[in-house]
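We call the chains A, B, C and D, going by the order they appear; numbering starts again at 1 in every chain.
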Amino acid sequence: MSKIKDACLADGGYISYSWAKSHMKILTESAGRLKKSKPLRGLTLGFCMQMTKETSVLLVCAKELGAKVVACGGNPLTTHDDVAAFLDSRGIITYAWSDQSKSEYEWCQDQVLSHKPQILVDDGGDLNTKAHFDNRFKTLKVIGATEETTTGVNRYAAMQHKVQLRYPIIAVNNAKTKMMFDNRYGTGQSTIDGYLRAMNLIFASKTVVVSGYGWLGRGVVQRCSGMGSKVIVTEIDPIKALEAHMDGFDVMPMDRAAKVGDIFITCTGMTSVIRKEHLLQMKDGAVVGNVGHFDVEIDAKFLLSRSTTRKIRPNLDECVMPGGKKIYLVSKGRVANLVASEGHPPEVMAMSFSNQLHCILYLVKHHKKMKPRVYDVPKEIDDHVALDVLHASRIKIDKLTKRQTKYLHSW
Amino acid sequence: MSKIKDACLADGGYISYSWAKSHMKILTESAGRLKKSKPLRGLTLGFCMQMTKETSVLLVCAKELGAKVVACGGNPLTTHDDVAAFLDSRGIITYAWSDQSKSEYEWCQDQVLSHKPQILVDDGGDLNTKAHFDNRFKTLKVIGATEETTTGVNRYAAMQHKVQLRYPIIAVNNAKTKMMFDNRYGTGQSTIDGYLRAMNLIFASKTVVVSGYGWLGRGVVQRCSGMGSKVIVTEIDPIKALEAHMDGFDVMPMDRAAKVGDIFITCTGMTSVIRKEHLLQMKDGAVVGNVGHFDVEIDAKFLLSRSTTRKIRPNLDECVMPGGKKIYLVSKGRVANLVASEGHPPEVMAMSFSNQLHCILYLVKHHKKMKPRVYDVPKEIDDHVALDVLHASRIKIDKLTKRQTKYLHSW
Amino acid sequence: MSKIKDACLADGGYISYSWAKSHMKILTESAGRLKKSKPLRGLTLGFCMQMTKETSVLLVCAKELGAKVVACGGNPLTTHDDVAAFLDSRGIITYAWSDQSKSEYEWCQDQVLSHKPQILVDDGGDLNTKAHFDNRFKTLKVIGATEETTTGVNRYAAMQHKVQLRYPIIAVNNAKTKMMFDNRYGTGQSTIDGYLRAMNLIFASKTVVVSGYGWLGRGVVQRCSGMGSKVIVTEIDPIKALEAHMDGFDVMPMDRAAKVGDIFITCTGMTSVIRKEHLLQMKDGAVVGNVGHFDVEIDAKFLLSRSTTRKIRPNLDECVMPGGKKIYLVSKGRVANLVASEGHPPEVMAMSFSNQLHCILYLVKHHKKMKPRVYDVPKEIDDHVALDVLHASRIKIDKLTKRQTKYLHSW
Amino acid sequence: MSKIKDACLADGGYISYSWAKSHMKILTESAGRLKKSKPLRGLTLGFCMQMTKETSVLLVCAKELGAKVVACGGNPLTTHDDVAAFLDSRGIITYAWSDQSKSEYEWCQDQVLSHKPQILVDDGGDLNTKAHFDNRFKTLKVIGATEETTTGVNRYAAMQHKVQLRYPIIAVNNAKTKMMFDNRYGTGQSTIDGYLRAMNLIFASKTVVVSGYGWLGRGVVQRCSGMGSKVIVTEIDPIKALEAHMDGFDVMPMDRAAKVGDIFITCTGMTSVIRKEHLLQMKDGAVVGNVGHFDVEIDAKFLLSRSTTRKIRPNLDECVMPGGKKIYLVSKGRVANLVASEGHPPEVMAMSFSNQLHCILYLVKHHKKMKPRVYDVPKEIDDHVALDVLHASRIKIDKLTKRQTKYLHSW
């Protein structure tokens, strides 16, 4: 019943799945413990997620727990066709192929919803939005949903504000073991990876300008510093700026940083961080890229329109400005850590997807008592995932003694 | 009217005051800008704080803004007599001397309250508690108070819970520019300082066990790592433990860490972190100390009672256990960063005391609209202090453009 | 007269050349200053070097200084055909294409020597060896040569020992600005790059075992540590082991490290560092690779023969041992930093090739006074290259004052 | 027969000795293994060394190995009288007390030589010089000597050059396990310690200017960076400057660094590094100090003569320049890491003194074959000391296999 590019690619998809699986043990072992009791039996789950090797591990787990699993891609461009073929070969109903048109992308979502899933797992909010506002699906009986991204969570928050939500949605994105870790450690590393592949220049001795000193920026700063770069931080928040200063990094406005930076990495989630006036001031040879949420952080439009541009390396455009100065733009300003590298390592995705799995099970168990609103991941799930990661690394930690618990409560 | 040890010590106190003052410009310049308008004129301020050179800068500022200032020490043991003499010489009514008995300590507080202060500035909650529960002072007309410590804030929270608070108290302790900074950077450094003075052993290559990976523990871990030590973290919170693990440090329970550590530093705020069973497992020569809130983190009582003890260096006791194993205890388990070193550097105290000064002014302006409860420091004060520190370091940061503000609000 | 794969590829080669050139300014600017005087006029230079974009910059420089330039590849497999085509289009006589047989590889060297070069620039010693021992070329009048690698230098040292050298050879490899920098910074970074591409696992929290704490090992250790890994060092030299210990890293024999490591990186230049007995002890999932000189550091033969092997990712083989344990081998044990990534960044090659260019000019000027032996790079060239790099980064440094010079000589 | 200040101080000296001893196990255990055979029986050893707790451990070891030990202080000012008393109580003939005049200092050396020592252990070269050029001692039958310092080694090198040496002298200073380690790790830490005690300002966020990037400077840079400072390096050597640059630090001439630094630390061994013109450019509040060999690195004379000076803290002078700018001078420009702190930790001294002990034993065994010149510490002693330190830390390392030895020799 699936619609995929080529079922013959399943073997390659299986190799990718195997590699990812062996680095996502916290997810597969959690699932393994529940396999016998089939806690998802009788349920249909609808997934709208990036079709990557890591996602395939989550989908197979869900199936092994007894669910009927139906899936489409969370992005029209990024489906790995071999992974989709592998999923199909495992009995997961899959509507996904690479390079879809917008209408094809929507059609796939329609197919997923046509299976009448009771639980939706979304990555950006498209599936849940359709389930709320598309007349064909308004009568679906959804007991709850989970959401992987900030963007999705924001969309549901707006819907909740307007009292439009029809079922509870758990913001997996907000779990500490998701947000704190994929931003700092996942993106920190994949940023280095993406820039290395795009430019293959040496980080050591370079001046790297990092915009934003939130979780994301901190992760990036630490890795750049670890590669031997001098780091300059730009910020708009005085307290974060002060932290960067106390952490030993140079802090200055973009106006000044633009003149001295060799490499620029925006990490803000804000628009127009590197603007026309900054691009005009940069040194010849500056490399400019973004790892924040969207491609709005750099004024790439200005850069590309005012310069003679050629692709000089994969994911790197050379922009020759009037006067001859060259600026290099990484992956056209789109998130370089995903576009120019392979994206988050499987260990990081395992943390996110463990939260997903536990939240799905939580919905099954508790949905009757839940209201149509956005929920944070329960602290016990968050802690549980953390303990699973520690356990997988053979790490034990201390527990409160009775005396300590008493002392704690005396406050 | 003051009661101090020796007025002749004022010159020495003045030198200490000058040194501190020149490193607390964010405080003195804030005060300087307001000097002419005397915003504290007509008010009596009662301080109960550690009588150190840094405190003297805050008291002189308060007086320069027009207040009548009355002060006693926040701790019966720690008053610097030269500082007290200097304050007296500047017309600040001072009741403080070193090595007070408990009753002398209380007498000093009584004297401060007898001046009928409208605003109280407290460091631990003793003064505010007296103002609430001592019959002699129950009729005082206090418009508000500020509090420097976690301990004090906790005490008021309990009072608020029982609806006993009579006036608003601002928890200066909770300001980000206080708590986040003095814990991480102030204590991080003063821990190294205290241990260095106590033991003069080399940090490089030593295995340092840090208990607790909160703000405090992180600061300590970073500095130990920066001195070349291998760091082991013990934690009870799975998420913090996971952060330590992802930050590249060894994480294990104290049971195992006890056997391999060379130096132990407790940073938890919890009781009984290093217990009998751990002390018995430690290596010969282990150095054990605490920089958490109180002296309850190490079972020093057990250690001292079961061993032949002698003071082998200032702030370091050698404890020879039955069998001959030696354990070294830093400053008897009391907070080593304060007892064995000079305590927080003036730049860190300047951040805390700038919050104090701004909160006092805030109380003057807004107390009529405030309720008898514990308030956090207003965000604008927190940001203001951060900007002042950046400004003093000649650092400018970016501001939101109109377009960015609009983008922000679109979410 | 060239023999290359396809002259039509020249345009692509030009783009690569341009990118490299703009990051090798210390080389091109040195050449630029001498362009007019054509100091290499009348000379034929024979190059045997890796045909990469960086090499193309050196060859073009040599031509611009007046030389007739003839070149073949330094390795039968690694020629970039577009670069070779570009060189040909620039009038450099080029004998090089990818995937040569051994006899084709030798034929190319013969062609180079048949042009009767007066100066040879070698990368491994093949060309110089042929010029010494092949009867066809024994009568060549070579005034001198330079050598890029340790291997080549070792071969000449043996020849010098047997009094077989016929002309002076400058060991460019031994320049501080070559060896100290490409090992520490170049390989440090390219090791991270190669492993990231091969495995895409997270470094943070992983235990990385680095064998060897020489220049190479230190560079690798620093970058792994900068990526958030815990590092274990293995060494045979007590003093280097002690340095690693004092630098805060765990030091242990491979016997023990094998049991706890997640990722292994050999950096020794020695044979049989990771042996059968170590492979058998490793954890399931361990990743094993080498960035030392040759592919002898890991007993890959044992690993591949005793396991069921499949390529699971580019440059990564999964080896399933009897019993089911999986070991992952990076690029079959060959130098992962070159095979699995793009190799040294152009800035690092620029330092090496600047030494090459200056040494060529030195030979032209001084060869009459030089003897048939291996020379180190003159200190003034080494210093000169360092100053050029600093200058290109807009960095000035201090100079000795007269007083200081005098003080220095008083010792 | 000793001459010391007060024999009653012996108990205090014993406590210091015990503390040092328990952290110098590599020395005491080496001695312990030889105790029975008394390899120094029948010999008189003359020591001229700093009378510290660490030295007392070396002297007691020498006595336990059978020698008659006679000692005087290596500096007229730095003798710890309690240590001298303790040594006397242990039967070591001691001529040393604090605050000696120059003639008293020389008298003590005369006394040592009057005991006709066969081996001299010197710390600066005064004792050996006297043994060579003072007519009273020219006939002494010395079989050899050892030297702790660079200064001493330089003096003997000059004597060797003039063919004046009468017996072999081993340059313990040049051992890798001495020089590389006390400079990097010992001084790195003691510099932080000395500055912390002198100024008690926060390192985090401060700009620290370190002059010199040799072993010493690197150690200091690493520790400052580890304390959260931004580091600027000044250098005169292009290659060292380039290393600092590639290590991610700012490099600039002192002219520019003077304007932006908060804290200055000279580590060069050169004269006049911070000169008049630099002092005049510094920011108000700059802290200036030296940890290089002598007090010539900063033009303290200019600073003190052109400013109103007062001691504002122990080892810190406030210098108010005309115009009101304040510069703070640490320990009057003398080596701050020794003057303002306790000096090297005992673990570092243990490495140096183990070399001393082994070299003394080496002289006993080999002196007949040795010539009257300066010898480096034999590599086997250096390695042995390194292994002892590793062993004391319970660390084992790998050994070459037969196959590896063969491979090594194939080069």
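Note that in this section a contact is a pair of C-beta atoms (placed from the backbone, for glycine too) under 8 Å apart; a residue touches a chain by one contact, two chains touch by 3 or more.
Note that the structure is a prediction, hence the values are computed from the model and not measured.
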### Query
Farthest from subunit C in C-alpha centre terms, which chain would that be?
B
### Message
Quick check: more C-beta contact pairs at B-C or at C-D?
### Response
C-D
## Note on the structure
Here the gap between subunit B and subunit D, centre to centre from mean Cα coordinates and rounded to Å, is 38
### Task
Could you please state the distance in Å, as a whole number, between where the Cα atoms of subunit B are centred and where those of subunit C are centred?
55
### Task
Return the distance between the CA-based centres of subunit C and subunit D, expressed in whole Å.
40
### Query
Among the residues of subunit D, which are close enough to touch at least two other chains?
185, 204-205, 225, 228, 245-246, 393
### Interfacial residue positions of subunit D with respect to subunit B in the complex
15, 18-19, 22-23, 185-186, 188-189, 192-193, 196-197, 200-205, 222-223, 225-228, 285, 310, 312-313, 318, 326, 341-342, 345-348, 393
#### Entry: Contacting residues of subunit D [partner subunit A, same complex]
204-205, 225, 228-230, 245-250
### Message
Which stretch or stretches of subunit B touch subunit A in the complex?
### Response
154, 176-177, 180-181, 184-185, 234-236, 238-239, 241-243, 245-246, 251-254, 256, 270-272, 296, 382-383, 386-387, 389-390, 393, 395-401, 403-404, 407-408, 411
